[in-house]
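Here is the structure we will look at, set down as C-alpha cells.
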Amino acid sequence: MNLFRRLSNSFDHGVHPRHHKEQTEHLAIQRLPFGKRFVIPLGQHIGAPAKAIVQAGDTVKRGQMVAEPGGFVSVALHSPVTGRVTDIGPERYADGTFREAIVIEADQYDTQQMDVNPIDWESLSIEDFINEVQKAGIVGMGGAAFPCHVKYAIPDGQKIRYLLINGAECEPYLTNDHRQMVEQTDALLYGAEIVRQKLGAEEIVIGVERNKPDAIKALQDAIKPGQPARVMPLEVKYPQGAEKMLIKSVFDIEVPAGKLPRDVEVAVNNVGTIIAIADYFQTGKPLIERVVTVSGPGVSYPANLIVPLGTPIREVLDYAGGLTEETRQVVLGGPMMGASIADLDAPMLKGSSGVLALTEHETGRPQEYNCIRCGRCVEACPYFLNPARFARLAKSRMYEEMAETYNVMDCVECGCCTYSCPSGIPIVQHIRTAKDHLRSMKGKVK
Amino acid sequence: MAKSEKQAYDEFIKGIWRENPVFVQVLGMCPMLAVTNSAINGVAMGLATCFVLVGSSFLVSLLKNLIPKQVRISCFIIIIATFVTVVDYSLLALVPAIHKELGAFIPLIVAKCLILGRQEAFASRNTIRMALIDALGMAAGFLIALVSLGAIREILGEGKLFGVPLFGDNFEPWVIMILPPGGFITLGFMLLFFNWFEEKKKRLDERAAAIEGSDI
Amino acid sequence: MGDLGWIFISTLLINNFVLAYFLGLCPFLGVSSKLDTSFRLGLATTFVMVVTALCAWILNTYVLIYAPYLRLISFIVVIACVVQLIEMAIKKLSPALFRALGIFLPLITTNCAILGLAIFATNRGYGLWQGLVYALGAGAGFTLAIVLMAGLRDETEMSDVPTMVKGIAFNLIVSGILSMAFMGFAGLFSAS
Amino acid sequence: MTQRDPKLLIQPGPQLRQQMTTPVVMRDVWYALAPATLAGVWFFGMGALLVLLTCIAAAVLTEWCFSPEEKRRYFLGDGSAILTGWLLGLTLPPALPLWMAFIGGAVAIGMGKTIWGGMGGNLFNPALVGRAFLLATFPIAMTTWTSPGDFFTIPASVFAMPLMHGVVDTVTQASPLGLMKFEHTSTGFIDLLFGNTSGSLGETSGLLLILGGLYLWWRRDLDWRIPVGILATAMAFSLVLFMMDSGKYPGPIFTALSGGMMLGAIFMATDPVTSPLTPRGTWIFAVGIGLLVVLIRVFGGFPEGMMYAILLMNATTPLIDRYTQPRVFGRGLDTK
Amino acid sequence: MSEQQQAAAEPSSNRLVGTLAVAGLISGVIIIAVYLATFDTIKENKARELREAVFRVLPGVKRMQRLVIKDRKLVVAHTEEKGEEPIYGGYDAAGKFVGYAIPSAGPGFQDTVSVLYGYQPAERLIVGMWILDSRETPGLGDKIYKDADFVANFDHLSVDPKIVAVKKGKKSKPNEIDAITGATISSKAVVRIINEGNGRWLSKLPEPGAEPLLDKVATAAPKAVDAEK
C-alpha cells in the first residue's frame, strides 16, 4: 500500500470527488472590467487587521496603499482602482457579519494605469525582503490568506531546503492555479527563484496533480537548464493541496502534529502567491487583484477571471452570465473547503479562489441516518483520525475525550469524512462544535 | 397502635414491591439465576434464602446491643453462615433430589449482599419485631421474584409448571430458557417490564398532577 | 478427569463463571464500563481466586476431613483473613501493585465467585494442581467476560439505547447475548 | 442594498457528498443476495421461500412496533430490517416451522437491534442474534436438514402449530459439515460450489455468493479485508490440520465452501455496524473469525462455527477498535 | 446501636475477641447439632443412591461390596481411605460373583459427565450404564440418561476392541451403540468415558473366577447391602 502510494506520489487516505474541472480548465484568463464600488475589508487575512491610512473623501490611485499592516502578522491593503474613498465603516462580509472596511468609488473616466516601479530584489537583505512582501499585501492565495512574509521570517537556527510550490489544486471546479501555471509560467518560475534565493533554499519543487498535463508540460519546458527546479506530478486526490499532505506526497515526510512545514525545512506557497510576488518585484504591482474561477452548473458562462479585489461577488457572477434558475447555493472558494454565502453584494477577497454556483444536484443533503460504522470516514481522513468516533462523542458532548484520546485538534476540517459518509452525518460540523467548545474551555481555564 | 400496625404493614409491603430486592434493588442475583430454571427450584432457593434472612435478622436484632461495632460485620457473617449451613444440611437430609440441583449454590447465599445488607441496614438498628417484619417482607419479595422467574423459565423451557405439563405432548420446549442465556434474558425482560410499568405509572401520575394543577 | 488443559479451557470458555454459572454478577453488571478498571479488577480477582484455591485445598486436606460441617464457615473466614493479609503484604512490598490491584481486594472478598470457586473445586474433588488451574481458568474467564462487557458498555454509552432499557435490564440482555455466543464453545475438545 | 438572496442556501461545508447513502448500500446488498437466494429457493422449493418471507415479515413488523415514532420512517426506510430478516432466513433450515422463523425474526430485531437504540447502535449482528437464539431454543428443529427436493412440495413441518413440534416428513440428511464432523465423509467440491447439498438456503451456492460479494466489492459497499481475511485464515488453519491428518480433518477447499462460510464471510461478518472501523482492526477481526470457525468446527461441539465465530468477534469489536486506532498523521514519530 | 453507645469509649480488644469467640462458639454448637441430627439420614441417602445405581447397572445382583486395588490386588475395603478409587463388586443371591460396577468420568458437551457402568468379566460385556452426574443440555444431552433406548444400548455390549458410537440405526456389530440424534457429542462422550474406564481397570482385574469373595461379615454393613431390603 505504502509502496504503491509512493510510486504514484501521494499520501494515504483522502477522497476522489469528481473534479469537474473540464468546465474551465481550457479557458484563458480574462480580465473582469472594473465596477463602480469596491469594498476592502481591513481584516481579510489571518492575523491583526490592517489600519486604514486614508479618510473618507480622499482620492486614491490604483495600487496605492490604503491601509498599513496592523502588526507583524498582518499586511498592507491597496486600492484596486483609482477613485475616491467614500466611507470607512462596517460593511457586510460574505459570511453575513459586519466588518470594518474601506469603500472606494471608482473613477469612471480614469484609465486605471498604475504608477509603480519594479523593485531591485537582488540587493535586498532578507529583513527588507520580508518588509517588502508585507508592504505588497501578499497573503496566501491558497485559501487561508495567511500573511506570506511571516512564513519567510525563519527563526535563527532553522533553514529552508525546499521551496514547495503548491499547484495541486485538488478542490473540484477550481482551475485558477492551473491556468496561471499554463499562462504565467515564466512569472511563476521567476517568483519562485526570488523566494528561493531569499530563503536560501536549495531547490524549487512544484507539485501538480496529474489532471493538469498541460501545466506540467509548460512548467517542465520553461525551467531553464541550471535552475534548481523540478515539477512533481501528483496523484489526483483530495486534499492533495493541503500543505502537510503535499509535503508527504512530494518528500515522504510527515510534518509532526503541531509543527510547521519549516520544521522539516520546507516552505510551501501557492502558485498564485508566488506569481503575486513575481508581479510585485517585476513591476511593483501590489496584491490588488487575483485570478478567480467562476464555475459550477449554476452559471451560464464559466470563466477564469482576473478580479480586482473588493469587487462585489454579484458582478463576478453577472460577468459569467448570471445565476441560472436552478442555482441553490453560491460558494466562495472550492466546494470542499469553501463557505456558502447568501449575500452576493459582499466583496471578493484576497483568499477567494473561486465563485461556484451549485444546484440541488450537488448540494442536496441526504437524509441523516445513524452511523453504520462503515469506516468510510476513517479510510478517508488524511490525518488518520477517527471521524466516526468524533461524531459519536460529539453527540454525547464528550468533547474532552475527543481531544485527549482522539486528537480532535489535529483535524484540518478538510471535509473528507463528511464527504464520504453514506449516512449523511455532518461530521465536520460536529468537529467544529467540539473545537469551539474546547477552545472556549481552554480560554476559561487560563 | 394503629399507626404501628400501618408501619409494620408498610415495612412488609416495601420488600415485595417498592424495594423488591430483585426487581428494584437488583441484589443477590448470582445464585438466583443459576438455579431458577424451574419453579420448584425457585421455591426451594427462595425458601432457603428466606430462612437464612429471617433467622439471621432475628438473631442479629436480638444480639444487637451485645455486639461491638468493630466486629459486627464478622459476627453477622458468622451468624449468616451458621444458618446457611443449617439449611444446607437440612435440604441434603430431607430433599436430596432438590439438593442435587441447588446444592452447589446454597453456600453462596452467604455471599449475597442482600442478607448482610439487611442486617447492617435494618436488623441491627431495629426492634426484633420490626426486624422480623422487614426480613419477612424482603424474603417474600425475593421468593416471589425467584418463583416467577423459575415459573417463566419452566413454562417456556419445558412446557410445565411445577412439573405439571401444560401444553400436551407436542409442545416444543424452548431449551434456551433453562440454559444460562435464558436466565439472563428472562430477568432482563422482567426488569424491562418493571421499568416500563413504572414509567407508565409515572406518566399517569404526572398527567393526573397536571390536570389537578390546571384546575386551580 | 485430570486433564489440566481441559479444566482450564472448560472454566475459561465453556463453563465461564459469569456467563454460565452467574457468579460474580454484581461486579460484572455493576462495576464499570472503564476497560482499565475492569481489567485490573479481573486480575485482582484471578489472584484472589488462586490464593483461595490454595487455602481451600489446605483446609480440605488437613481440616475438613475431620470436621466437614465447618466447611462454609472456615472458607469464609480463611478467605477473608488471607485477602486481608495479602492486602497488607502487597501494600508493604509493592506499592505499585497495591495501587493497581489493592483497592479492589476488599471488594472482591465479598464476591460470590470466590466462595463459589472454593465450593465448586471442593465438590469436584480437585487436587492441588487441578484446583489451582481451575482457579486460574475461572479468574481468566471472569476477566475475559468483564473486559468484553466493559467494551460493549463503553460503546453503547454513546448510542441511544431507549431509556426504559438502559441500566441493569440492558446489561442483563447483553449478557444473555454474550452468554449465547459463548455457547459456541460448548463441547470444545471433548468431541474428537 | 445588501440584501440576503432568498433563493440561496447557507450550508456548512463540505458542499459535496458522494452519492452513496445508507439505503442504497442496503439495497445493494439485496441485489447481491438475490441470485443465491433464488438458487436456494429453486433447490429447496416453496417451503424455503415461505420461511424466508416469514423472517422478513417478522423483522419488519418488529422494527415497526418498537422503533420510536419519530424515527420509524427512517428506520424502516433504510431497508436494513428487511436485510436482517433476509439474512436470517438464509441461515435457517428450509423445513423450519414458520412460527419458529417468526420468533427468530422478532428476536433478531428486538433483541439484536431495537434495544440497542436501533440502526447502528447494535454491537452484535442482529440476524445472528436471532439465529443463535433459535439454535439454542429449538436445537433439534434447527439441526434437521432436508435434502433439496421438489419445488412445489412444502414440508408439513413448515406449517406446524405455534409452540408445537413440526413433523418432518421429507428426507432428512446431514449437512456436509455434519457428515464431515460426525462421519468424516467429505462432500464433492462441485456439489458444494453449485449448492446441490442439504443445508440452509444461504449455505448452498458458494459460487453465487461469491458473485454477490464481488458486486458489493465493486460497489465499495463491503470491506474486502473481511472476507479475504476470514477465508485465508480459515483455509490456512485447515490446511495445517489437513496435512497433519487428512483422514480426520477437512481440507481447505471444503472448509471454504461448506456451511455458512461464504455467506458468513461475505455478507455477515462484513455487516459494517458490527465490524471494526479501523482497517487494522478489520484484519484482526477477520483473522479471529477464521481461527474460531475452524476451532469450533474441528474441535468444538458444533458442526458449524461461523455464527458463533462472528458473534464472539462482534463482542470483541469495541476492544479491537479501541486498540487499533490508526497512528494520527504527524504523531508518534520519533522526532529528535 | 444507640447514639450514646456509639459515642462511648472503644471497647477493649478482649471484648472484641471475646464476642467473636462467643459468636463462633454458638454457631459451632448450632452447626454441630444440625450436623449430628442429619448425619444418619444424609449418609443413608448417599448409600441408597449408590446402591440403586449399582443394582441398575448390574442386573440380577443382590449384594454388593466395595473393592479397591491394594498392592496390585483387588481387595474388599469397607472403609474409605483418601485417594482410593473404588469399584463395586456385585453378587447374586447365592453369593456368586456377577460383575463389577465401575465409575468413570470425563468431559461431556457442557461439563464433566460421571458414569457408572456394569461390567461382566467372564464374557467381557458391558451390562448396564447409569449417569451419576451431568450438566448436559436438557432435552438433548440429558437423553443419555432419560432416553431408555440409549441406555438399553449398554446391555450386552462387547468391549472388544472398544466401544464405538455410530449414527442412530446403523448399529451392526456387538461393540457398537446407536448415538442419540441431536446429541452425538454426549453419546460419544459416554462411550469415551466407558472406554477410558475400561482402559484403567480391565488390566487390573483378576482372572474371571478369581474375584474377591463376598465378605460375609460385611453383608449387613451399608457398603454391601442386601438388594431386597
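When the chains are written out, they are named A, B, C, D and E in that same order, and each has its own residue count from 1.
Going forward, contacts are C-beta pairs under 8 Å (C-beta built on N, C-alpha and C of every residue); 3 or more make two chains touch, one makes a residue touch a chain.
Treat the numbers as computed from the prediction; the structure is a model and nothing was measured.
**Q** With a step meaning a move to a chain it touches, how many steps does the shortest path from subunit A to subunit B take?
**A** Tracing touching chains, the least step count from subunit A to subunit B comes to 2.
**Q** Could you name all chains that are in contact with subunit A and with subunit E at the same time?
**A** Touching subunit A as well as subunit E, we find C, D.
**Q** Averaging each chain's C-alpha atoms to get its centre, pick out the one most distant from subunit E.
**A** In terms of C-alpha centroids, the chain at the greatest distance from subunit E is A.
**Q** Which chain would you call central, comparing Cα centres to the global Cα centre?
**A** Located nearest the centre of all protein C-alpha atoms is chain D.
**Q** Consider the two chain pairs C-D and D-E; indicate the one with the greater count of contacting C-beta pairs.
**A** Most contacts of the two pairs: C-D.
**Q** Can you compute the centre-to-centre distance for subunit A and subunit D, using the mean CA position of each chain? Integer Å is fine.
**A** 47
**Q** Could you grab the centroid distance between subunit B and subunit E? Build each centroid from C-alpha atoms only and quote it in angstrom.
**A** 35
**Q** Between subunit B and subunit D, what distance separates the C-alpha centroids? Give it in angstrom.
**A** 41
**Q** Using CA atom averages as chain centres, what separation in Å is found between subunit B and subunit C?
**A** Taking the mean C-alpha position of each chain, the two centres sit 23 Å apart.
**Q** Listing for subunit D: what residues touch at least two other chains?
**A** Within subunit D, the residues that touch at least two other chains are 111, 117-118, 120-121, 133, 136, 139, 301.
**Q** Which positions in subunit C are in touch with at least two other chains?
**A** Touching at least two other chains: 20, 69, 73, 159, 165, 170, 173, 176-177, 180, 183, 186-187, 189-191.
**Q** Please list all residues of subunit B that touch 2 or more other chains.
**A** Within subunit B, the residues that touch at least two other chains are 74, 78, 81-82, 85, 89, 175-176, 179, 181-182, 185.
**Q** Considering every pair of chains, which are in touch?
**A** A-C, A-D, B-C, B-D, B-E, C-D, C-E, D-E
**Q** For the complex, which residues does subunit C have touching subunit D?
**A** Against subunit D, subunit C makes touches at 35, 147-148, 151-152, 154-156, 159-162, 165, 170, 173, 176-178, 180-192.
**Q** Please output the residues of subunit C touching subunit A within their complex, sorted ascending.
**A** It comes out as residues 157-159.
**Q** Looking at the complex, which residues from subunit B come into contact with subunit E?
**A** Answer in residue numbers: 37, 64-71, 74-75, 78-79, 81-82, 85-86, 89-90, 92-94, 96, 124-125, 157-158, 173, 175, 178-179.
**Q** Considering only the defined contacts, which subunit D positions touch subunit C in the complex?
**A** Residues 68, 111-112, 114-118, 120-121, 123-124, 129, 132-133, 136, 181, 248, 292, 295-296, 298-302, 305, 307-309, 311-312, 314-319, 321-322 of subunit D touch subunit C in their complex.
**Q** Within the complex, which stretch of subunit A touches subunit D?
**A** My answer: residues 15, 17, 91-92, 96, 172, 244, 248, 254-259, 327-331, 335-346, 358, 362-363, 365-367, 369-375, 378-379, 382-386, 388-389, 406-407, 410, 414-416, 418-424, 426, 428-429, 432.
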